[in-house]
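Have a look at the structure that comes next, please.
Every chain is named by a letter (A, B, C and D) in the order it is written, and numbering of its residues begins at 1.
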Amino acid sequence: MKTMPKWADVLLVPLISLVIAFALSALVILAIGEDPVRAMELMVTGSLGSTYGWGYTLYYTTNFLLTGLAVSIAFQAKLFNIGGEGQAMIGGLGVALVCLFIPWPNWWLAMIAAILASALFGAMWAAIPAWLQAKAGSHIVITTIMFNFIAASLMNYLLSHVLRPTTSMDPATARFDNVLRLPRLHDILGLVGIDFSRSGPANIMLFVALAFCVLAYVLLWRTRLGFEIRAFGQSEAAAHYAGISSFKIIMVAMLISGALAGTMAVNSVMGGPQRLVMNAVEGAGFIGIAVALMGRSHPIGIIAPALLFGFLFQGGSELAIETSIPRDMIVIIQALVIMFTGALDNMVRRPLELLFLALRRRA
Amino acid sequence: MDIATFVQIFESTLRLATPLLFACLAGLFSERAGIFDIGLEGKLLVAAFFSASIAYVTGSAWLGLAAGIGASVVFSLIHGVASITFRGNQLISGVAINFLAAGMTVVVAQSWFQQGGRTPPLVGDARFDRLSLPFANALHDVPVVGQIYGQILNQHSILVYFGLLCVPLTWWVLYRTRFGLRLRAVGENPAAVDTAGISVVRLRYAAIVIAGVLCGIGGAYLSTALAAGFVKDMSAGRGYIALAALIFAKWRPWHALGAVLLFGMLEAIANRWPNLDLGIITLPNQFMTALPYILTVVILAGFVGKAIPPRAGGEPYVKER
Amino acid sequence: EPALIYDLGGKFDKSFNEMAYTGAMRWAEETGMEFRDIELQSETQREQAIRRFAEAGYNPVVMTGFSMATPLEVVAADYPDTTFVIIDGVVDLPNVRSVLFSEQEGSYLVGMAAGMATESNTVSFVGGMDVPLIRAFACGYAQGAHAANADINVIVNYTGTTPAAWNDPVRGSEITAAQISQGSDVVFAAAGGTGVGVLQRAVDDGILSIGVDSNQNYLHPGQVLTSMMKRVDNAVFDAFTAGPEMETGVHVMNLQSGGVGWALDEHNDALITQEMRDALAAAEASISSGELAVHDYRSDNTCPYSVE
Amino acid sequence: MVADVTGGAADAAPAIELRGISKAFGPVQANKDINIRVRKGTIHGIIGENGAGKSTLMSILYGFYKADSGEILIDGKPTQIADSLAAIRAGIGMVFQHFKLVENFTVLENVILGSEGGALLKPSKARARKLLTQLAHDYEMHVDPDALIEDLSVGHQQRVEILKALYREANIQILDEPTGVLTPAEADHLFRILKGLREQGKTIVLITHKLREIMEVTDEVSVMRRGEMVATVTTAETSPAELAELMVGRKVLLDVQKTPAQPGEVVMSARGLTVTDRHGVEKLRGIDLDIRRGEILGIAGVAGNGQSELLEVLAGMMAGTGTMTMLGEEMDLTLRRDNARTRREDSIAHVHEDRHRCGLILDFMAWENVAFGYHNAPEYQKNALLMDNHAILEDAKGKIERFDVRPPNPMLTAESFSGGNQQKIVLAREIERNPDLLLVGQPTRGVDIGAIEFIHKRLIELRDQGKAILLVSVELDEILSLSDRIVVMFDGRIMGERDPEQTNAQELGLLMAGVTGEAA
């Protein structure tokens, strides 16, 4: 019998962990001689106070939705994919190739092609670690770390030697054709008469990402494959008993995970600077871990944490401009969130469990 | 290629392998005790920062070293609280520690020195000097011995020699002492250790504190001996390379030395020849950078014998569910 | 109110970006006015940073580094009423001033100094990111060294091909060590923050070094031969002073206009012999007069002076 | 150090006295206010059904778990046992139900672990080696001190555990179900050792749930039921029947009502089944087996003699060699084409012996568990893409009702049901598929007596419908009362086949020990 009701486990525990993480972050801000309240105000106004801010917040949110989803799907199969970063980088390569070398007649065809290509590339990059886990039992955490670094080197090479236009000194590809510009919230919301800043890069991929969340939910809870992924994640031995192939589940879950991480690049490459630059992923692969942990690896549950991190990211940029708090402050917050919701959750859960046990004994 | 080139490459290898060696041995202690440690990178970084700052402020490299060790041990203890006391996921805790170090060093550095996340350069005693080995000068020109002893091994920081000393020391502790026996046992089957009347928690904490100390020295070496000051992200993935080396070495001390020397040499070669022309093909710099990871993946794939981690590794010791 | 965006490497890189900061501070002190600045943390932030300042009404918006060119092209078009300045890059828009330097000329001068100071007949160069801009430094340096010493050996290395190359002192130090083992006894670092490691290694191993961008002689008094000055500070100062109504288009800052030069101060006074002073002065004069043409790598992407 | 107990007055005090011990694991109350006294120099048995709390109680005494409340007295003196070190200091040794050995250490290293006697290993090892030879000689327990544990048989591993305790000079020895992994002969040897220890004045606590062993070696016996201590009696003054009644709380009806079997055609036929594990050890060595419609074939044997592997090979969970035909169709034993799922499609159902690890997904709800393994079944699908969760739920409701699962709530997670009810969920799922062959492992392990009767009835019903059932159980009584034919396995081989009407526990016991009929 569970000692704690489900809502407490799913909502209360992450929420309390989050509060602790924020409290500690506030202490850090205090310690470096800044005002946490003002910092918070700046972050809120900078990220949520204008449609310009929202444009960036939702842009980052889109990234984190996709990487969070990627981590979640793998987590559901008890696979800790920390290779989202590398998979997204390689996904970016797919986007760039599709956008640079095929003359698309319009943006939406290009977007579909880019989604497919980035998913394919991301999945490819997840395939070897997955295969090693499934066949040789090498820990996927270790192999995905290795693959992150290999991806970084590869992209580094490609961008500085292969894809860089000869006239440019930047290790980046040329800009994509203007036709390929994804419609931004300004364009989309404009259709329904909402006035939205044209600067913010949030774009149609936000809706694609949300649709992916719903699809992932359906996949996990309404299909045989999802049933098998969840069963495998809960108990490998039981899955074997049921005739579920561990090889298949590990491969499929990781391929889906890699594909989702890859599609993140459509947002950050086609939707953002419209060319592939170094490190276009900006750590979103890792933030996906925090998002998945907070959302308890539930495709719908991750939406709120993705928004939270979108807010943190944009708020952090504003903070760096307006105060002398470096943008790295949000890396600290991110670390604390991962620590408290992921590794130290027993610290919060155990007292809560005792509390609920005591309450029930009394009842 | 002439001898001078060889000498230079090996010298450089030794310097570059040293931080890897400390981190790798740190990982070895930790993982042999059953605590996975992907936070090596973060500990190196935080130690590099605190040793450089304190060395700068006090003007003493030794005080800097102490501060680096202290900072790294604190990070180890955070990992310990999460993974030993609260039985959290060791991998997640390690990831968090790496981020914490990356963010914290820059934020604190900016707050203390206002130099965009770096410390001012270290001069004089704030930095570890290079030592001359006895008779090294006399032997400098003797063939072979001179090159190895008088040139390659000579003129390094004291921390390099200490690192080399740590290898047999680690081996001895692990295989010849009571502590080592218990440490290895707790990484294989903590219940056996527990029922033998030994505290699993204390043993594991001891292991991670040792790991913290070693990482601390490695980090201090980075910023106060190899370089002269801290710059943002200066660990530059060395903690992960050390982790790769640990797997490459299959969790054994002498093999660890071999692995870090190999990886150090790859870095030295990449520095010397950014584009290594092998006649048939030219290997770009990036390939050399990625090579340690590629080699480790190859090892993991089981092409070169299987790397079996300590059996209880990564799992918190839980008696009561 | 003007704003300034520093490239990766940061405000206090002891070279390029720090020069920009110095210029801005000089302006602030002289006018008593304020300016805004931000250090970039990542590639993807570039566009956002420019946009953020333009959106908030800062004018002019000055930025350093060739990597800003592409994002600026996009943003500048969206904010036609804001004047932008890019240093080291060219953006062909009516509201953008592009400032370029003749780095090869300054490098030529310090190359001459190196060629005269060397005793081993070997000098070296550590570049940051391997791009045409830095190759122009290298090529000017080699030309100068050869001018001083016809059969000199010039070793050239770069730290990398990405912006990370600007900020890797450990690597800079190891590359310098390799160059020293190849016989170099004067090393010129044009590598941003990486240069700190190069200069440090030069001091550790007892050879001379040459700083870049700002006057770095003070970093290791008596051990830095000289510094190749690139007056980014002047470029920023000028832009801030001229304000939003400044003249746009391409501005080239060369030796003649005081845009580049070499540093002589109390820290290296003893190192620079009278002979060097005379030779350098003569070279300066003939370059300024156009009599002596220093090859610009960027003009044809080749360097006629042999480098290793 | 061991307490000095030679004083005359102290002799009267019990070696162990536990007062008011309680222990809860989360919501499970494993021990409730337990009192027990164990007299010095005796062998004291503790019996109880699975999950009664025996191991928990003794683990508390050994300092492995911490009691929520209660007191421990050793030789009459209140003793704080905060951890195993305190227990060892108080002269207590324990051989756990699940061994606590470091697999890739040598015997010697395992023995000295924790009692090295010096910071350096070399002198400690030399000293220990001498002592170990001595002990092995004294107690006829021979093991190679330099062998790796992972290379030893279970019986030998257990010896190492006992040597560990002897090496620490424990005056009180606790053995938790030591015979579960032993053949009757090995068990007898162990009992001789225990009696020898008793002669030397040591106190021994023996946990088991086998009545025969209790009657054979103990002086006194305590009975536990559902976390409580129900009685302590002198062995000589009790009977197996009385103990059984105390254990389960009511009269036990071990007889199963059934009509004679009417075996039909052969359903499944196996020839030369062989399984080699990854260490190269043969777990099955050429098993030939036929099973017919309408019969229950019981497999008897000491745990670990290949029964588990047999079930898993037949169920498609483990690869093997040999041949297997099901209803005339050849099965692929290499598992390249087959797996547990295709076997189900071939009408083989499997009740795994470990329902927690395999039979159920503890975190899934009951209704999901009802579909588990059959989630590909056409009636559970809405269309080509989606499953029909509603249909599964309705199906689960029916099964839960027919199998009297309590509470009858399909939305509860499997974890929240008691062992017996969990087993009913598994059985409902497997039996109601109407398989031609049902493989059942330990169907009543950890299940209360009421549920046992229910489960037995269902199995016989299925047989009477003309299905074939292969039953594996370590409980001889269960085998004897349910089976229509009994096959005994030992060391991966079939030792012989018996008719349950014409055999008895003694004869089967010999076969289980590897003694063939001719030799006996």
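Just so we're on the same page, a contact is a pair of C-beta atoms (placed from the backbone, for glycine too) under 8 Å apart; a residue touches a chain by one contact, two chains touch by 3 or more.
What you see is a predicted model; the values in this text were computed from it and never measured.
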{"item": "Which two chains share the largest set of C-beta contact pairs", "value": "A-B"}
{"item": "Subunit A and subunit B, separation of their C-alpha mean positions in angstrom", "value": "30"}
{"item": "Whole-Å gap between the CA centroids of subunit A and subunit D", "value": "46"}
{"item": "Where subunit A and subunit C are represented by their mean Cα positions, the distance between them in whole Å", "value": "38"}
{"item": "Distance from subunit C to subunit B - Cα centre to Cα centre, in angstrom", "value": "35"}
{"item": "Residues of subunit D engaged with two or more neighbouring chains", "value": "26"}
{"item": "Where subunit B touches two or more other chains at once, by residue number", "value": "114, 117, 286"}
{"item": "For subunit A, residues contacting two or more additional chains", "value": "156-157, 161, 326, 328"}
{"item": "Those chain pairs that satisfy the touch definition", "value": "A-B, A-C, A-D, B-C, B-D"}
{"item": "Subunit D-facing residues of subunit A, complex", "value": "1-3, 218, 221-224, 227-228, 230-231, 234-235, 237-238, 240-245, 353, 357"}
{"item": "Contacting residues of subunit B [partner subunit C, same complex]", "value": "4-5, 7-8, 11-12, 15-16, 114-118, 121, 130, 222, 226-229, 231-234, 236, 267-268, 271-272, 274, 285-286"}
{"item": "In the complex with subunit C, residue positions of subunit A that touch it", "value": "52, 56, 156-157, 159-161, 168-172, 175, 198-199, 268, 272-275, 277-280, 282, 317-318, 320-321, 326-328"}
{"item": "Residues of subunit C that touch subunit B when the two form their complex", "value": "10-13, 39, 130, 157-158, 160-161, 167-171, 173-175, 177-178, 181-182, 193, 196-197, 200, 204, 219"}
{"item": "For the subunit A and subunit B complex, residues of the former touching the latter", "value": "28, 31-33, 80, 82, 128, 132, 136, 138-139, 141-143, 145-147, 149-150, 153-154, 156-157, 161, 286, 289, 293, 324-326, 328-336, 338-339, 342-347, 350"}
